[in-house]
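Please find the structures below.
Next come two complexes, and both contain chain A; in the first it sits with chain B, in the second with chain C.
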Partner chain A sequence: MPHVPTDPDVYEVFAQNGLGKTLGHVGSIVSPCPDAAWHLAKETYGRRDDLATLWVVRRADMTVSGGDDGDLLAAKTRMPHRQPGFPTARRRDRSAAASSPAAVILPTAAVPPAAVAPPATAPPATAALPATAASPATVAPPRFRDSAPPERRDDARGAGGSELSDLWLLLADDLFVLGNRLGERIVDYIDLEESLAVGSIGQEALAHAGTILVLSGFDQPAADAWFFDRPQGRWRVSRAIERLTDWPSTVACGLVIAAAVTVLAERTVAVEPGEGWLPAITAVRDEQLVHLDHWRRWARALAAFPETRAEFARAYAEVTERAGDMFGARPQGGSALAVTLHERFAALVGENGGPGSRMPDRPLARTAGVGGSALAYCLSRGRMVRDDYAPGVFQ
Partner chain B sequence: MNADQLTDQLTDQLTHVVAGVRDPEIDIGLGDLGVLRSVSLTGDRIQVHLAPTRLGCPALGEITRRVRSAVADAAPGRGIEIVWERGAWQPASVTAAGRDALRDAGYRVAGAPPRCPYCGCDDVARAGRFGGAVCKVPYDCRGCGSPFDVIGTAGCTVTLHSVRGGSR
Partner chain C sequence: MAMAIAAGHRRYELWDPMPDEVREGARRFATVQALNELVGVLPFAEWLDRAPSHTRRQMLMAKIQDEVGHGHVAARVAEDLGMPRERILQDYLDGRAKVHNIFHYSFATWEELGPGLLLMNSAAIIQFQSLMKGVYLPYARALRKIEREESFHYQHALDLTHEVLTHGDAEQRRRVREGFELWLPRVLAYLGPPDTDTLHANRMWLIGLKPDGNDALRQAWLNKIIPVFLKLGVHVDPALVRQAPSGEWEFAMPDWAEVKKVIAGGGPASQRRLDWVRNALDRNTRYRRALRGVS
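The block that comes next holds the complex of A and B.
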């Protein structure tokens, strides 16, 4: 057990040989009093080198470990909650507990699809939007039409600019849903580092979605209307969004969305490098690269850990297959620009997510009415929060 | 003093006022932090350009409120427009005085090999990839054991220098 030594005349010496060096234990000395101990330590350990710091501590003033304290001193890196499989295992345990007749703890996972029915105003799921439907003026619900139509910047983006703009707005929707879903997970971990990561990535995903709208000419009321008043049936999120449910799928979704935004930012910067919005797009790209690296680490960990390997492989395959519509802004799907972006996107996902991707060879068209419970829950929660605030806070 | 000179004088005065507005999280002026980009005066309209340290900074609303309040106090009756220049902030935007203030508060600025703000030791290790705020990355000093943050890490892979020991 940790104990206080009984050697009254023994002093432990810590020294730092320079400001750039580590302060470390250098040895022990025997002295009858603290003053003499300090001078003796200086002479003994500082005779040849200049010292930046010298600490001399009486051993009897310390609490030290004993020879049988191995268990107490063992690293905590093997704690269950720090293992890659912990979130999955905990969700599974919670679900099992919730379905048990004796369960008394309600699950905190996502609300089941039946509990978050799409808004009554949503058109049939099969309703597809025309290519120009990404324009706010044609999609906007009544409240949006009441505000001044935003100035779009398509004309300033050169060849292919309009399609790039549509793609940006579509990815803004994906980022918005991802950010909201990650926000629900901030308190879902007892691992502080992962909570910070999920919170930061979610916060930045929302900020990037908002930045894209600002760059597209939306003012704040128009941006709010775009995200909160648009009926769910008019959203054209990627089909990958439907898999924003369990943790392995969330990792895969985070990875493909970060990769897609990175690819589109790289393309945008290359097309019009001199535009005034370049700093913002560059910042989005740089920050998404950090997110991509985070998801890459998770993907590798989940793929390597025996308890999560099979589950992640399934999730990764399904999410990458669905993410084939990430650059399908146009109903026909396969413009030259879309094909180029898709190829780069597929390569980047493979580089970061590892083998097992089922990304289609060519981009698939996005359709309205997808997004499932992930989108429905995100929208209903956002509207509920806004409705609970005092009038005038958001409008 | 003609009209142009009066405008210049008021602009300088307003620039000084806005530069002195404190950041909501760290006790440092927006001028030294590099968040203030410019102040311009056209007729009765004042335009303040600011740059967030990171796109997802949650303090934009509070900074906007503080700047608007300070400008309104200094030049009552004029229109005020706050323009956020997204992506314009860089670690180099922090002034020398700002770096000193940040160091005193326990921070370092990205863009140079990080040193412990407390003991000056360069034997530091990144303690994680995400800090308590989106603009911060946590570090630990191996010299004195102090934790500290490096701020201004938009694109950590781009502006953060690698350090001995890497990250954990």
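The block that comes next holds the complex of A and C.
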């Protein structure tokens, strides 16, 4: 994790060899004081050059990345849609697939409202959903899961057991709705830095939701059908989603969802999941821990500030009470696994330093059709353009 | 230490002594840009929750985040020059600052979004490539970052337009063409009134903050973007824009009185934008204070 180095006399040196050139790190020096440090740096790194700019920064005043931050810093690889060449590659792949005799565009309208079962072998983990038409490995249409209750579904797929797999699919739904809501918050201008933060957390929430579906064997059309075409009555989001409204509630929802995903990821990693799951779920866990820290900072700030204290306490109590169903994948809501996960979840939520949690002692069952206006709005808006187009147009 | 460059202008870092006119001009440019990024993202943000696939939604969200990020880096440049960031949006609400004409409109359809974005992003790239040659280096560096990301947005807009033109039905493709014809005159006007005859008396040009004139930028932009639409298969009406044998682009001159009226708040979405910003600030001020009131 990023840390603050503690060498008090060491100064890092940044120099620019000419205007228009990049100011870059050139090395470090040891100095008893800042003034002397600048002159020492000039003699050390600029004695043969005409420098345009020279900065020295005390190492102890810097926050620097560590060796294990590589995944967090790899924005391109973990968020392929941010890559400059992504749109071009998408078009190229789609054109190539369209001219291939093996190409299959799944008719969206044919996807039943029930869940979609994966192919027997889950594809490699990636945040990018594989396009059916572009991925020979996933060209075959997915099997459609029947509408039987979860405990009767075919055992899935490498997460370490079907209950874990079902829980991941439920959390994917929560992440999808949260990601969309945070996307709207980018232009809410609470603070410019916060706009950028919720933009990244929102994109990562969507990416994690997509990753979970990929791991569960969904290809891109099936994932889109899952998120965009299922009627609300088939969704089983946490009841916390109903409170995804104002900012204090959004903070509380963000916190409980990040905590829940972290807990499930820890458990999944511990049970030695199938191929592809371990690196993907480890990355999800690491990013959700960063989200959890973010929301905790906000929780502490809102709880401590006199103008927002009561409002946040109310929102937090309501959200944590509703979040008692996070691990209630089974109708009875109280399997041994669910109880274990719930206890860890309640402890993690309780560590935020804000107001008291009203998390129930035991996990409650999730029920279909909840989500209130927050989910209804998300789904209806998401279908407005989609419903005007022929199946398979959008990828 | 300010340094001389070939064109005769000196270039400046934040802490360099510089003429008040340069400092004030740079502050004004950065402030105007920050405001236009922060308000100008709203027409696209309105479509985020309608983006029709998981991937498209991620791509559009990334673009919206980038645009707000552009507002942020421009606001940081302005802040360093003495413009508090809170005032950027407040001046807009109070009528002391205006946004460009193109941000006083909304996109009526999904099909309009692609060509509208393509026209806007390409014009912005041309404009930023010019402004980054200006004499205030922190702003030039901010523009370099912004321009790079605008290139991503250009590719996204191209992909969005291409998707509808390639896979949409005849009616949807027709709406793309209509979107192009609707937004072309607006973006022509966005690049500013004709100035070839007056540029050399413009103070911003004289002090090196505005390296190129509006007419030159408009020609460079048309030279880049019209062939792109032709390649996409979009009919370009010669009554709107055509290339003369000399290579120069001729176009229907915008109604500048109308453009002025729109910028003054008379556009179809002018009030909506103001209402959005006012509501957002009213709704969230106490949370911002909470964030800053606690270490």
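The definition used in the following text is that the second predicted complex is superposed on the first by the 218 of 395 C-alpha atoms of A that agree within 3 Å, B and C clash if a C-alpha of one lies under 4 Å from a C-alpha of the other, contacts with A are read in each partner's own complex, and residues count from 1 in each chain.
Here, contacts are C-beta pairs under 8 Å (C-beta built on N, C-alpha and C of every residue); 3 or more make two chains touch, one makes a residue touch a chain.
Computed from a predicted model, the values in this text were never measured in an experiment.
Participant: Touch check for A:Leu206: first (chain B), second (chain C), both, or neither?
Facilitator: both
Participant: In the overlaid three-chain picture, which partner chain does A:Cys33 touch, first (chain B) or second (chain C), both, or neither?
Facilitator: neither
Participant: On the A-aligned overlay, A:Leu196 touches which partner chain: chain B = first, chain C = second, or both, or neither?
Facilitator: A:Leu196: touches chain B and chain C.
Participant: Check the residue A:Ala60 against both partner chains and state whether it touches chain B (first), chain C (second), both, or neither.
Facilitator: Neither partner.
Participant: Applying the document's definition of touch, where does A:Val187 land relative to chain B and chain C: first, second, both, or neither?
Facilitator: Second partner only.
Participant: Answer with first, second, both or neither: which of chain B and chain C does A:Ala310 touch in the superposed model?
Facilitator: Touch partners of A:Ala310: none, neither chain B nor chain C.
Participant: Pick one for A:Asp293: touches chain B only (first), chain C only (second), both, or neither.
Facilitator: first
Participant: With the two structures laid over each other on chain A, which partner does A:Leu19 touch: chain B (first), chain C (second), both, or neither?
Facilitator: Both: A:Leu19 reaches chain B and chain C.
Participant: So which one touches more of the residues on chain A, chain B or chain C?
Facilitator: After superposition, C is the partner touching more of chain A.
Participant: Which parts of chain A are in contact with chain B and also with chain C?
Facilitator: 19-20, 53, 193, 196, 199-200, 203, 206-207
Participant: In the complex, go through chain A and note every residue touching chain B.
Facilitator: Touching chain B: residues 16, 19-23, 53, 193, 196-197, 199-201, 203-204, 206-208, 211, 214, 278-287, 289-290, 293-294 of chain A.
Participant: Along chain B, where are the residues that touch chain A in the complex?
Facilitator: Answer in residue numbers: 54-58, 85-88, 119-123, 128-132, 134, 142-144, 154-158.
Participant: Which of the residues in chain C end up touching chain A in this complex?
Facilitator: Within the complex, chain C contacts chain A at residues 1, 3, 5, 11, 13, 38, 41-42, 45, 48-59, 61-62, 64-65, 68-69, 71-72, 75, 85, 89, 110, 137, 151-152, 155-156, 158-159, 162-163, 167-169, 172, 276-277, 280-281, 283-284, 286-291, 293-294.
Participant: Hey, which residues of chain A end up touching chain C in the complex?
Facilitator: Going by the criterion above, the answer is residues 19-20, 52-53, 79, 81-82, 84-88, 90-91, 128-129, 179-180, 183-184, 186-196, 199-200, 202-203, 206-207, 209-210, 220, 223-224, 227-228, 246-248, 298, 300-302, 304-305, 307-308, 377-378, 381-382, 384-386, 388-390, 392-395.
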